[in-house]
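Going by the order they are written in, the chains are A, B, C and D; count residues from 1 in each one.
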Amino acid sequence: MGRPKKILNNPANVVTELLDGLVLAADGGLVRLDNRSVLVRPNIPKGKVGLIIGGGSGHEPLFSGFVGDNLADAAVCGEVFAAPSPDQILDAIAAVDSGAGVLFVYGNYAGDNMNFDIAAELAEEEGHTVRTVRVWDDVAAAPLDRITDRRGIAGDFFVIKVAGAAAATWSDLDEVYRVACKARDNTRSMGVALAAGSIPETGERTFELPDDEIEIGMGAHGEPGVSRQKLTTADDIADQLMQLILADLPFKAGDEVALLLNNLGSTTLMEMLIVNRRVRNILAEAGITVHRTDIGSFLTCQEMAGMSISLMRLDDELKRFLDAPARSVGYSKA
Amino acid sequence: MHETLSPSETRDMLLAVAEYIVERTDMLTQIDQAIGDGDHGIGMRRGFLAVSEQLQGSEPASVEAVVKAAGTAIMAKTGGAAGAIFGTFFRSGSSAFAGRNFDADGVAAFLRIGLEAVEKRGGSRPGQKTMIDALAPAAAAAADAAGGGLSETLARACAAAVAGVEATKGMIATTGKARTLGERSLGHPDPGAVSFSLILTAMRDFVAT
Amino acid sequence: MGRPKKILNNPANVVTELLDGLVLAADGGLVRLDNRSVLVRPNIPKGKVGLIIGGGSGHEPLFSGFVGDNLADAAVCGEVFAAPSPDQILDAIAAVDSGAGVLFVYGNYAGDNMNFDIAAELAEEEGHTVRTVRVWDDVAAAPLDRITDRRGIAGDFFVIKVAGAAAATWSDLDEVYRVACKARDNTRSMGVALAAGSIPETGERTFELPDDEIEIGMGAHGEPGVSRQKLTTADDIADQLMQLILADLPFKAGDEVALLLNNLGSTTLMEMLIVNRRVRNILAEAGITVHRTDIGSFLTCQEMAGMSISLMRLDDELKRFLDAPARSVGYSKA
Amino acid sequence: MHETLSPSETRDMLLAVAEYIVERTDMLTQIDQAIGDGDHGIGMRRGFLAVSEQLQGSEPASVEAVVKAAGTAIMAKTGGAAGAIFGTFFRSGSSAFAGRNFDADGVAAFLRIGLEAVEKRGGSRPGQKTMIDALAPAAAAAADAAGGGLSETLARACAAAVAGVEATKGMIATTGKARTLGERSLGHPDPGAVSFSLILTAMRDFVAT
């Protein structure tokens, strides 16, 4: 395959330009800290628990697009596929913490873990209280007994959505942390990749897949998954992904879930709806009811072709926070 | 040939290291494409360009200060795992030079303290296919070379790091973005280990001339 | 470029499978008429003006994804890139018209025009009142003095959004028709294509663009535009598109507008935000204020790479209807 | 050779037309890829498969009824511009056979009435690079051939349609999805015109055997 064409100016400036564009797209709902890749909600109420999210750029709308009403208070954005540095994270803490403390929610990657940990340690030295929820929803990344080795993928959305609504409701960091952990612990995801995305700065695809092959479980940066195989049908792909997801938590008859279908980049909504049809049949047969469906682009990997499926098992508390209205550039629900 | 570097000579050495890394951006990126997410060279370039910018024209008060300043620049600008790891390495390691110039014993302590800090920060151990697999043997070689002078210490540390890089080809990654690659990571060196060996190579060459 | 890989079952069944998946994704908010490619909102209030939209499939989320609260009451979906047939449209009319009449909103293409006209004539014979608003927002498609020859592209969204909110407010077809016409008449769009999408049934791309070329003004099915040129910068592309848009209405200093950035398929949100940055600079320099921004996938052309920019000049009435909350699978705004 | 077709023979002819079109799906799609949106063959296939399904095994009451039934199937299943145009053509044109069998005068009237209906429905005229550029000359040729018998009428209409297709290559599209192609539509025939000529070809061949 040739190099994908992109609409860019200087590829070295993509992050700063996209953040400026994002601030403008928010029509007043976002500010950017001076000379920083940090987006902050203006007018954060005093005494609110601050929700800070972040990670490498290139996965838009996550993370930068999820700062808004009932969502995150700030996003700290690294360069493309690179965790942000501690000094930026510290600036975000200073901008959002008015005393109630700060919750970090981010995907479980070595780079993010280390940079956010460094920032948390420095911030605590300065008197901030910081709690961290690392999202590790990707079933493909490690066996269940090493769940803390798993990557965070589109399930980030569920945790951010729940934590955002909880942080808008409660002013107690421990409570927000508790419910964010519950969201994380009840979420499982699996993805499939058909073709690679490319990094703007190099123009190179992050991996190569033969023309007739797909990879089940491939990560959001093209990290290898559980099996490479010939391109098969939508139903077969849905069956494979769902089998791994359902068996892992495990999800059981009688469970009520939220369903998230995430576009990794260039897959059409048509394809995702066709997969949804099968997913719902599988869930119905398993006796699992779907409380709500979100479908679209949440965590992308540039123009990667592929998608992921996430399920979160619900209780009344999770439902309440998931169903709260929300509004940001990347996600809005009445 | 230098057997000890003053603060400003240390600055010049770090500028030479930065130039050496920046020139190898593409190679490092390609190595990360094989087993990671293909951005390692881009990140190291950002970090070491920041080192150049930070140190150029500055007059450092001490070796400790200039090494720490380099680490702070790396930590702030590299991003990713490498930013935290190499930033931590330089920042924590800098304490080895408290009250002294850049000499053989300082370098041995620098590598030892840096290694401890990196292991603590990332929770990794030798054998997991990370830069630790270049750093740990380098630290051991430098300790061994104690009393042998700065250029010999760096030369032996560097040789050990290069051998360590070679050894990472035979390892299966259990941390970082290559973790899930399993057997498929075999045959490829670890990008961070390569970067670490390049840093020592540039230091060795600077001291040798 | 190779053939794009897709997640499909039998390519001949894509429309029926995607519609089933869409109904399921609406979690109770949609029903599908038996054996028909017609989606309808359940529980339409008696006496409501019925808003029917439609056109060829393959452009998801338009049109099928825009049936919902404060949006359309029914969507009539053709096969991929093919207008729906009159009998399906008649069934939609029967399902939504309880006496207040029906407004059609669709894109101005020969196939759609003829099929909807045939249906309108037959429906009027049966006693229904039908009004039609064809959307012709694509500045690239014909000069201003032949505006009725222009194609409908992403500007469809503005007209549907306004008409949907108006039809939820008023029970007078003439009023809904008037405001929908006003939305249409104040909307202008321009697109750019970087690479073609492919039709599921043939697997073939709808056109071929050399590896380093783009086409300004290309239509949503790959219909040729105003100029083919070398791939240039995001700023340059934004400049070209905006110049044609602004000069056409024309938009003037002091105008207030709604801005829509539409992803034609596989372009990243990152790229669109980078373009948005320039678009906003251009508007600011022209003295035009932006009331609101919508950015994402509205009218796609399978996995085509490219995007379009639409502006609608606003007055208080249009603002009110545009800002009304809305909820559907394809578009939701709090 | 037939000089008049009964209702059931007309049904068999329409089934032959359907088969002929369905066999040429790919060719029609390729022609539409050159100047349209690449779906014409797929649509015609859907429409004429519906004709087959509709007419197979049915016992038509009249020629008018069977021609209209074909048009209704086309209109319901083809979709796109072609569905409306070819559906309108057959449905409206069928009135030419009111109270008569499928004969030379009927065919001439069928083409004339069908042409009027298509022009009215789509607002196009000859010269705009549509199926009208095959249909209009065919209608004129059939009128000319009046009195010459069914097979000759169809043969002359068909030849005129084929020449009309050829002529569309020299036209710039001003309607349909090829409209904005401008000069670039030159050199390519209009897909709908090709389809129309295929319909007449299949009719001619059926009657000639």
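A few comments on the model shown:
As a convention for this text, a residue touches a chain if its C-beta (ideal position, glycine included) is under 8 Å from a C-beta of that chain, and two chains touch if they have at least 3 such contacts.
Here the structure is a predicted model, which means the values were calculated and not measured.
Path length between subunit B and subunit C in the touching-chain graph (shortest route): 2. One inter-chain figure worth recording: subunit B and subunit D are separated by 76 Å, centre to centre, where each centre is the mean of the chain's CA atoms. Once the centre of each chain is set as its mean CA position, subunit A and subunit C turn out to be 28 Å apart.
A separation of 54 Å divides the Cα centre of subunit A from that of subunit D. Measuring from the averaged C-alpha position of subunit A to that of subunit B gives a distance of 32 Å. If each chain is drawn as a node and touching chains are joined, the picture is a simple open line. Remark: subunit B residues 29, 33, 36-39, 42-43, 46, 75-85, 87-88, 121-122, 175-182, 184 touch subunit A in the complex.
By the touch criterion stated above, subunit A contacts subunit B in their complex at residues 56, 78-88, 109-111, 114-115, 117-118, 140-142, 149, 151, 199, 201-202, 204, 206-207, 217, 219, 221-225. Considering their complex, residues 1-9, 14, 17-22, 24-27, 57-58, 60-61, 65, 69, 192, 194-195, 197, 200, 211-212, 214, 231, 233-235, 237, 261, 265-277, 280, 290-293, 295-297, 300, 302-303, 305, 307, 325-327, 329-330, 332-334 of subunit C touch subunit A.
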